[in-house]
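Labels A, B, C, D, E, F, G and H are assigned to the chains in the order they are written; within every chain, residues are numbered from 1.
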């Protein structure tokens, strides 16, 4: 923080009391009435804000989408229903939509993708969550490799892709059912593993709680966990880690 | 059941009404007042009754132990405290005690051990439960192989023992923490796997509930589960399966 | 494994480095992009792969169904919606569908069914799960007997079918509500019992969790448990056990 | 209530305002400062108050014990530690103590025991709770039969005592582990069954929660449940039901 | 059981072996293939079987309804959807339907209702469950009083109906939300209280689990609990208790 | 209560026995058959009764709405579906409806709003619950300030509104997801904070249970919690607290 | 905040840049290394900091106790073990200790106690928590009334103390077991009720979770809840509410 | 993997079949009988193995400690009891012990600590877990900053240390009670946050489950979670992330 600098400028008459006051009272967000848009986020975090579309009313979605597009020159939304995509498409024909993950986006075409994040899934039903993670990480500038359907019940599938898994700066392990994939991968890499439990399964799976518990209790080192089905959260922290690995 | 035979004998005067009545009213257990000793168990199940020692008062333990020893010529107890062992040893100097699993027993020396059950553990802390399973199965006449400390965080350890695991009629997979061992083994064998969650772990493990859920939700085929720390139960059903595999 | 043999052949110039490498890197699955089809499964496990239809998109279901049919000459899917059946029927008019259990299949007509598995249910509402278990076991070559609606609230119904229950190599006990059937059957047979909790019930049943807990805590010997409503899993492990009993 | 009568007496000057006010403000309990002793309970419920000893400090236990003894000519306490018994014995040498259930009491010797309550247990470890139920019911004037160790894993034991179970006005079913006893008994009697889950068991039993859920989900008719280990509560309501059955 | 009598008759040649065998093998139920209809239930329990309609397919519902009507001259079903009622009405125009509780029935008109059961609810939303309880008890021959909307947040409402509550042989307390009604009523009557938690509420109520826990932990004496929303179960056991109270 | 006064008047002949009896037997509610309308509530609590619309059948909603309107000259309902609003609008065209919170009301226009309650939300999805709280408090006569979308992931937004938060007599903190808002606000104000967990979130949020636990475990002083999504309950108690702060 | 004032003074040369910087960077706590003592708390909240003694090591407890005593002229600690009291007594002979609640304190003798908070308990076992609440509120300057052992199973006890309950600015309802006391009191007062669940009970009480759920689901208005056994938290917020009621 | 290279060498006669076989069959662990010591771990992961001391028997602890010390020239153990420390000290007088965290270690003195990890705690009771994290990360070569007692109930404490928090490559947030610290820190940094729930708290905290849920549901970006009290796991993954940040 430049507190002292502002105060010194004020002291020296280079700025007015009002300008100094503005500094201490500034609102790094845009007030929409029903929401406070975090327009300073990219500045603070290096990553632009992403819209969680599910449950947003049409009017709000359109306004937020527009404001962010305007501010960043690109915009992405997760968990968008097809209806929401069609609503946005009317106004933004350049928008794209991935039905599997529910991601809508208008992305800059010249984006550079650095480093490597590998996203693995245990089964095919986990791909929706995995794509949310992968595309979030790509939107935030990471290079992503996909290794899908390598669950623990057929170990040879995972072993055949070991190289792709081991070369990443960070591995995202996406699994429902008993969620053992995180531990397996944690045991064969020397990089951080972000485990994402999914709600895939039935019965005592309890909508992903079982996979979450498995991952939290992992006996492997280097595994940390995000919420059930939270592909976005995994993509975000993996992109942070990947950025660190490429930073110097 | 030989209902018709009994009735025919009665009709023919070969047995009396009282004898026939006895047949229909017989009590295949020995009444001790506080307990009903299942002396017909071996007849019905092929396996003699085993004593769950934990919480039994001294007087009852001594009486039950004696009755079963007398009836079978051998006797086994699980979860015996050292004090219970010492109490029994005074009267039965030939008794042996395994401190790790808490098993006390006097076993026939000429017992034949058939087939093969392989007992695996994820870590060293799971060995207490594994030994309860292994020794139970041995007491019931099975040949047992032990493969310990082959948890999923170091897959190479498990792969180095694959042959021993794959040759068994039935594999017992004992694991705490995240309990993924059951799924891994289920994926590499073509025989039934009995998974035993253990209370080894801490925090969100919730005394084994997490490992239990993992095993119940296993995405591998051929895996069924018994209660947390229930080595005895796993040894029992594995011995039944192993016996089937050697029966013909 | 024949590692030494491969290496010796290489040494002797009988195979090339590339061929040897293939051996160590072989992929015993067919890569479909979105899935890795386990075409070696029958080789490894003796049982062909079965399709879990629920949630599969039409295109994938058709492709997987076709590939497996081609590979095995028969194919089975569980939890198929009526729409999925109709989709498949267009292309495979010889397909059959069981509305109760949601099983679709084209089965070889000359299959031999060996041994005996008895499938019991507590109530009529448990039959959907029981049929998934029974037909899975039959598809895997087991002879199956059905004993339905013999729940513990009317013990005489179960006792009247005791013979059919006791003659099996393995009994599957399917029950919702309080799920006591597993314990009862465990007490009257000397063969392994696979207990399947169902989500039948309401209130404190919590969609089968109550029945699952009952079965896991069973005081009877020889009972192991699979996931809630997991008829397929029970049928699979029972078929393994039954095969063992007929193997020699 | 005799509201009108009191008001009429007041109107007629037969009683004073103060006396009438007393009627409307009367306190049917004795104020001890730290507790309000329910000395009208026997009047209201027909059963005298019983002391829950666990956790009571010595001074309070002695005072409450004395007051109730004085008021009723007999007194009973549940869950008393041996130390509490010895404390009370100093002052009341006529007191008796049951180590299994932890009941202390001084009981009138000429008490008549009416009707019949049958108390069953699944195992021997459930007897402590069963005795709390049985002795509570006896203290409240019921005749009690005991049928112990008749759990569902050996059905023949229960069937051999069917007559004693079926003749009761009310059956108390005490069981831990999977707690199936309540359903079994509910299926063979036409009288109310009070099911008492116990904390006997381990692992997924979760200190009786599993048995409680089993009993609450019972598929048998005529079964209602009290709290885990609540023998007193079961004995109380069973005594109420038994009294009804003998009332006319 | 008249075992001895049968045996003696056989001995004396009064009956044949086949007849005796029949006695020991008799099946007190009617085999429908998919179900075993308990036609001896009324004999055993004094109450006819009642149909749980929810989830029954049309063909089965019609058949079971018809068989029971034929056997008893009256018939009742709980949790019937309006469509099921209309289906049954086509064939049985004399059928009645209560939309609130979902009960369908054809009841004998000359039924005598004995004793008294009082059914209380905490709120108006609990009435559906209360009516299931009340009409079940009435179908089984009990006289029933209704005291609705007397929840603990307005104690004066309950106190104004105390007389009706206190005069019953058995009180049924139906409550959702925090479910305190059972304790309150347990404190003001000297007869058994059957508490029924309902799924009425939201949030931390967890579909009735909260109310169930409240009732199981009741600090009042003489309260036992049935499953969430289980009006039928409460009506059944209350009818048993009421019958006892009128039996002599 | 004026018990003595009534009794003295009776004594003095100023009132009759019947009038006195009325006093002791009065029913401070209106009996509708299916419900007991609490028409004395305003007298007792200072706040009129509010209708919980969800699940009420049309006929009952209309009757209750009418009775309360008549009695109070204004009326409010929470959780009203749009259909219920339209039903009421036919008869009461002056009714207003807020789609976000589902509140219907006809409110007196000259109501004075005293003191200050500040209602905060963590996100925009929590506004529905917040509005239920805010409008309830306004209906009960409180002045309300709204501070929305100030969740803990962007602390600067909350700090920019600190003054509005600190000036209130009582703050209502509404938050889903991890529900940390209650603790944050508890740490910056010296007035009571009523925390309302919402069901906003997914996965391990378990429909608000996670946020509820966070708030109950708050390490900040001066925070108490109401049920998940219970905006009405928060508005009610906040209005009581605010009234206290303005009372003298 | 006086941001503008500070800035204007700086502008005017009345303060230096360093003094202004101090204003914006000031640390309103005392750094002890292992802890940050909140010495500005009384300024911010009106209540001095209280020590949570449980688990504090001797050295830290002594230091923190001393610092706060020095700063405030009085000091209070909750959940102090007897050993901790004796440790403190050596240095502060004027300290007092309440064995029931574990509160240690040195309190100013001339403190004025304003308004009224009534603390109620359901049973005698809840008094420890109630005293923590009562003495906390008294330490913060509130007048407190105690109404103990008025649980819902004997309603007449509570009704006899109604006046004391109704006259308070805020009522604290402390209850374990089924925790219904909060709802009952919420129904008879027009002031805020702070409900404190306690861990008193056994079995399905689950160490207070059951009572917590009851209170959170309360159907009475004006009830908010704090953590299990959190007497301090209840006393704190009640003192805030009481202060509001006396503020003007 | 260098599979091809090994094969080519064999082909070329540079190595023997036995040597090649060794390559494919090598066991990267040391077999101790009861355990498989992972001596290749440092090679694979860059970090040496650390001993989880809790529950290890003396003989095993001594042997494992010695082997690792010998192999690495340094050795560390977590969760060591004082007795274990004293046992090890007899043989290794150079050992050090930290009573707060229970860490024993003999560490190389010339270790270089790179980058920066900041470890924060909400309260002083969380320091034991925080030190396990901090010292683990230091042992693995990271530079660590400590910021303790900055919980959310006094936000100014955290804000005063913002610079130290924001400069780290990775922040570890350790918190019990409601566990909100993770979200707060996630909102003010642009680096990955590893959140560690602790078992600090009481009541509805449920030994850390509440804090775990809070952290998993965090609304802040860039937060992932490890098991309750798992300081070691947090230190491990943070050290991996920090290493990435310094790698180039």
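Please note the rule applied: a contact is a pair of C-beta atoms (placed from the backbone, for glycine too) under 8 Å apart; a residue touches a chain by one contact, two chains touch by 3 or more.
Predicted model, so just to flag it, every value in this text is computed and none were measured.
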Neighbouring chains common to chain G and chain H, by label: A, F
Co-neighbours of chain H and chain E - touch as defined: B, C, F, G
Interface residue identity across copies chain C, chain E - same or different by half: different
Chain pair with more C-beta contacts, E-G versus C-H: E-G
Longest centre-to-centre distance from chain F, chain (CA-based): B
Chain centre separation (chain B, chain D; CA means) in Å: 38
Length of the line joining the C-alpha centres of chain B and chain G, rounded to whole Å: 54
Chain centre separation (chain B, chain F; CA means) in Å: 59
Touching two or more other chains - residues of chain F: 25, 154, 203-206, 209, 212, 216-218, 221, 227
Chain pairs in mutual contact under the definition given at the outset: A-B, A-C, A-F, A-G, A-H, B-C, B-D, B-E, B-H, C-D, C-E, C-H, D-E, D-F, D-G, E-F, E-G, F-G, F-H, G-H
Of all residues in chain E, those that touch chain D in their complex: 1, 44-47, 169, 190-192, 194, 212, 216-218, 221-227, 233-234, 236-237, 240-241, 244-248
Complex contact set, residues of chain A against chain G: 3-4, 7-8, 10-11, 17, 20-21, 24-25
Residue numbers on chain F that touch chain A, as the complex places them: 124-125, 127, 148-150, 154, 156-157, 160, 202-206
Chain G residues touching chain E - in the complex, by the definition given at the top: 122-123, 151-155, 177-180, 183-184, 186-188, 201, 203-206, 209-211, 213-221
Sites on chain G touched by chain H in the complex: 25, 27-29, 34-36, 38, 55-56, 60, 197, 199, 207-209, 212, 227-230
